[in-house]
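Remarks on the structure that follows.
Each chain carries a letter (A, B and C) given by its place in the written order, and its residues are counted from 1.
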Amino acid sequence: MSLLARPLRFIPWLPAYVALYFFFLYLPILLLPIFSFNNAATTTFPLAGFTTKWYGSLVGNSVMLEAAGNSLIVGIAVSLLSTTLGICAARAITRYRFRGQRAAASLIMAPLFLPEIIVAVSLLMIVLALGLELSLITVILGQTVFCIPYAMSVLVSGFEGFDRSLEEASYDLGESAIGTFRRVTLPVVAPAIVSSLLVSFTISLDEFILAFFLSGTEPTLPVYIWGQLRFAAKLPGVLALGTIMFAASILMLTLAEILRRRAERRTQMAHF
Amino acid sequence: MADRAMIEIENVSKFYGIYKALDDISLTIGEGEFFSLLGPSGCGKTTLLRSIAGFETPTAGEILIDGVPSLALPPNRRPTNMVFQSYAIFPHLDVAENVAYGLKRLKLPAGEERKRVADALDQVRLSGLGQRKANELSGGQRQRVALARALVMRPKVLLLDEPLSALDKKLREEMQVELRTLQKAVGITFILVTHDQYEALALSDRIAVMFGGRIAQVATPKEIYQRPRTREVADFLGGMNFLTARVIGEKGNAVSVDAARFGAVHLDKPKGFAATNGHVTVGIRPERLRLLWDDDRAPHELAGRIENRAYFGEVTHLTVGVDGLEQPLSMVETNNYGADDLPIGAEIRLAFDPDAFVLLAEDPPVSRV
Amino acid sequence: MTAAAFGTMADTPAAQRRRPWMRSEEARGLAMISPTFLYALALLFLPVLIVIAYSFWTQDYLDIDRTFTLENYRQALTEPIYRDLFIRSLWISLTVSVATVVFSYPIAWFISFHGGVHKNLWLFLVTVPCWTSYLLRVMSWKVILGYGGVMNTGLISLGLIDKPLTSLLYNSNAVVITLVHSWAAFAILPIYVSLQKIDRTLIEAARDLGDSHLRAFLRVTLPLSLPGVISAFLIVMIPTVGDFVTPRLVGGKDGMMIATAIQTQFGKGANWPLGAALSVTTMVLVSLAAAAVVFALKFTVRRIR
């Protein structure tokens, strides 16, 4: 290991670069909370004192609260749907070998490599061409397509290390197929499943483009925020809302990561 | 051999496409036997074991467990239990819950279940570790939990898939002794799959040696070692000196051959004996050749020259060239008398016992297609 | 299976009674993946096919004329406004992907080779921002680069400039900066994964055979991490070419990208076939550009001996 550690002496600027990178990565994000507590209607320096009034203004905002409710409904539905479909695909890929496996996986993961607007536009066209109405349901269906690749990556790593002989041992000891799934498979991959639910929910909560194109009269939070951006006066309120959303997302992602690691430890442990 | 047959394998074959994993295997394993399936990787021993357990379905043939045709039964309905190579300890359950896993379906009264689990843990010398979490166990401990979990089900047959291969040498040797003791105490049939010849020799009542999906020989350890049927079997277990000998004559159950410098040797004629061009392959184990020191004499002697010498602590392996023999002979000598000091090129004399020769058949080359 | 095996199977009474309790592996695998696959087929593949179909039709207010025509593509490829948008969008996405890959590679390298026990933590810290709301992050750049924004007022109060800079916002530079910030972390993951796969003893062997650290990196590490670099390029380049939010919020007129034009066709413009044609053209163009970049990368890296 020392042979590889020495290069660091030759690139002394690297740790400084990493620090700088993190600084620039997080700085813009930290500005939102900073200005959401700022006692001024514009985002200028120097800061004008601490206040929580912008957060207060959110409480009575019925339009915003309705959008928040929509986001919650959509988020829960999307996370359940993508995780369920993700479980099927992840198990199929890690457990079995079959022809067309790679093609199927590529199609499912394709949204990662496409411009979101094209996915949004094409879904819009098919929905309207079928004569359906835009509603939260269309948003749910559309966002699921987009979330499945993320759910799948989490679930695949959860299923990958899963030793097949654990299920065989369960059969050998007399358990049925369903019983095996309930008593062995599910508990071992449960952390990965919960992690996938959290990740999908977070992505759905923050997702804008698909919601923008596919929601009818019921906006989600990002769509609501977009509408507010035209009004300069509403900016601090939007910043407050944005800060709350950021905090919620980061919290859920942290939780998801902790669970994903726990799942990894469990499945890796099955190998001596 | 035991009185009653517990496992009867009749003409079992297993094909994967055109690949023959098992080729018309027939075998009977008795009740209470410690039986080993021994062979190199890919010989089919694990496939056969998994077929008995129910995780592989033979393409042809039948397997009877305690007289019952079992191929239609799924693994969870067979009176067998398996110790997996990776142990397959459930990571989300502790030791006691792991051991009790199969008992849950029986819905025993709580006291009864606890007692059986405790007894099983005692049997594998893990008493008191019931509350230990699965990820806190060492390799050897996991192996015992896997054993306890299988034995608590009171199966008629315990199947072990290379259970000791992951352990280091010292631990492996300890566990080998324990396995043997355990089997004697429990009294049920054990079927062990291993590629380690010494393990099979030490533990088994009988061994089946397999190559290329076929059984080469089934016999007691002593017989397999001292009277290997084929060249492959002889080569797989221990070292062997092979010689081509010319057939001199056959009479009744014996055949006489001229084993080059070893002179005339009389051997038992096996069934279906056929010499190729009047020649056969015979073999003699390295440890059956004895160095003669100073003025020692023996009824059968040979002169040779040390070509190579390898020190192994307890013994020294010698390579001895003999005029008239194409290949040098391998010998194994203990180091009590200075075998490790013999210089290369030293002229020595060795003694041999003509009765120690074995006649080796040549199995047809194994084809997988 | 040989004929002999077939024969034996038919003869054995047990074989006739036996029900395989596990169907073939392939059948189960296909059955398992089908719900997800069919979902993607219906809601991804099919819609894209419909888009392609529409691009060959024309729309007259609310009626769709289904006669095959290349009129939309003619418009898309020859009208100056669309041509400009295509060129600018491709240029921006290329710049952004080059910048993100170059900036992110050292970070990925650092985490992979010097991350130590806390590799996962580093990775998490670096990728968490990109999984938060994209809209909010672009908004924060608007806040930074604006006339009365953080950058300007900060520089003024520090005394470095007298008047606020107007060149920060509402141009393609702002778009590039914002996109680089948003997508940088996305590029890290694929590069990291391919760096992790490199057998460390290969690098040690190169050093043993006389290479300096730099040479060993250029001749061993870099070529072996190429699949990850290519992945990173694609993950950034293709989605950013169709980015909608950033040009709208910080691009102004100078930074407009093709996504705005596409969206117009589905909103006020009400010319779906044209929108479809623009979308298809965008995908084709960016795929060609991506293929060119990948080819160029492989070519140059192969030349390093």
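General observations
Note that a contact is a pair of C-beta atoms (placed from the backbone, for glycine too) under 8 Å apart; a residue touches a chain by one contact, two chains touch by 3 or more.
Note that the structure is predicted; figures quoted are calculated from it, not measured.
Across all inter-chain contacts, the pair with the most C-beta pairs is A-C. Among the remaining chains, B is positioned farthest from chain A, on the basis of C-alpha centroids.
Between the Cα centres of chain A and chain C there is a gap of 17 Å. Separating the CA-averaged centres of chain A and chain B is a span of 55 Å.
In chain C, no position touches at least two other chains. Residue numbers of chain B whose C-beta contacts span two or more other chains: 74.
Within the complex formed with chain B, the chain A residues making contact are 163, 165-166, 168-176, 179, 183-184, 187-188, 265-267, 269-272.
On chain B, the positions that touch chain A within their shared complex are 53-55, 74-76, 80-82, 84-92, 101-102, 105, 134-135, 139, 142, 149-150, 153, 166. Here chain C touches chain A in the complex through residues 25-30, 32-37, 39-41, 43-48, 50-51, 54, 103, 106-107, 110, 113-114, 120, 124-126, 128-129, 131-137, 139-141, 143-144, 146, 148-150, 153-154, 157, 181, 184-185, 200, 203-204, 207, 213-214, 217, 234-235, 238-245, 249, 259, 262-263, 266, 272, 275-276, 279, 282-283, 286, going by the rule given at the top. Chain A meets chain C in the complex at residues 3-8, 10, 14-15, 17-18, 21-22, 24-26, 28-29, 31-32, 35, 42-46, 85-86, 88-89, 91-93, 95-101, 104, 107-108, 110-119, 121-126, 129, 141-142, 144-145, 148, 199, 202-203, 205-209, 213, 222, 225-226, 229, 238-239, 242, 245-246, 249-250, 253-254, 257, 261.
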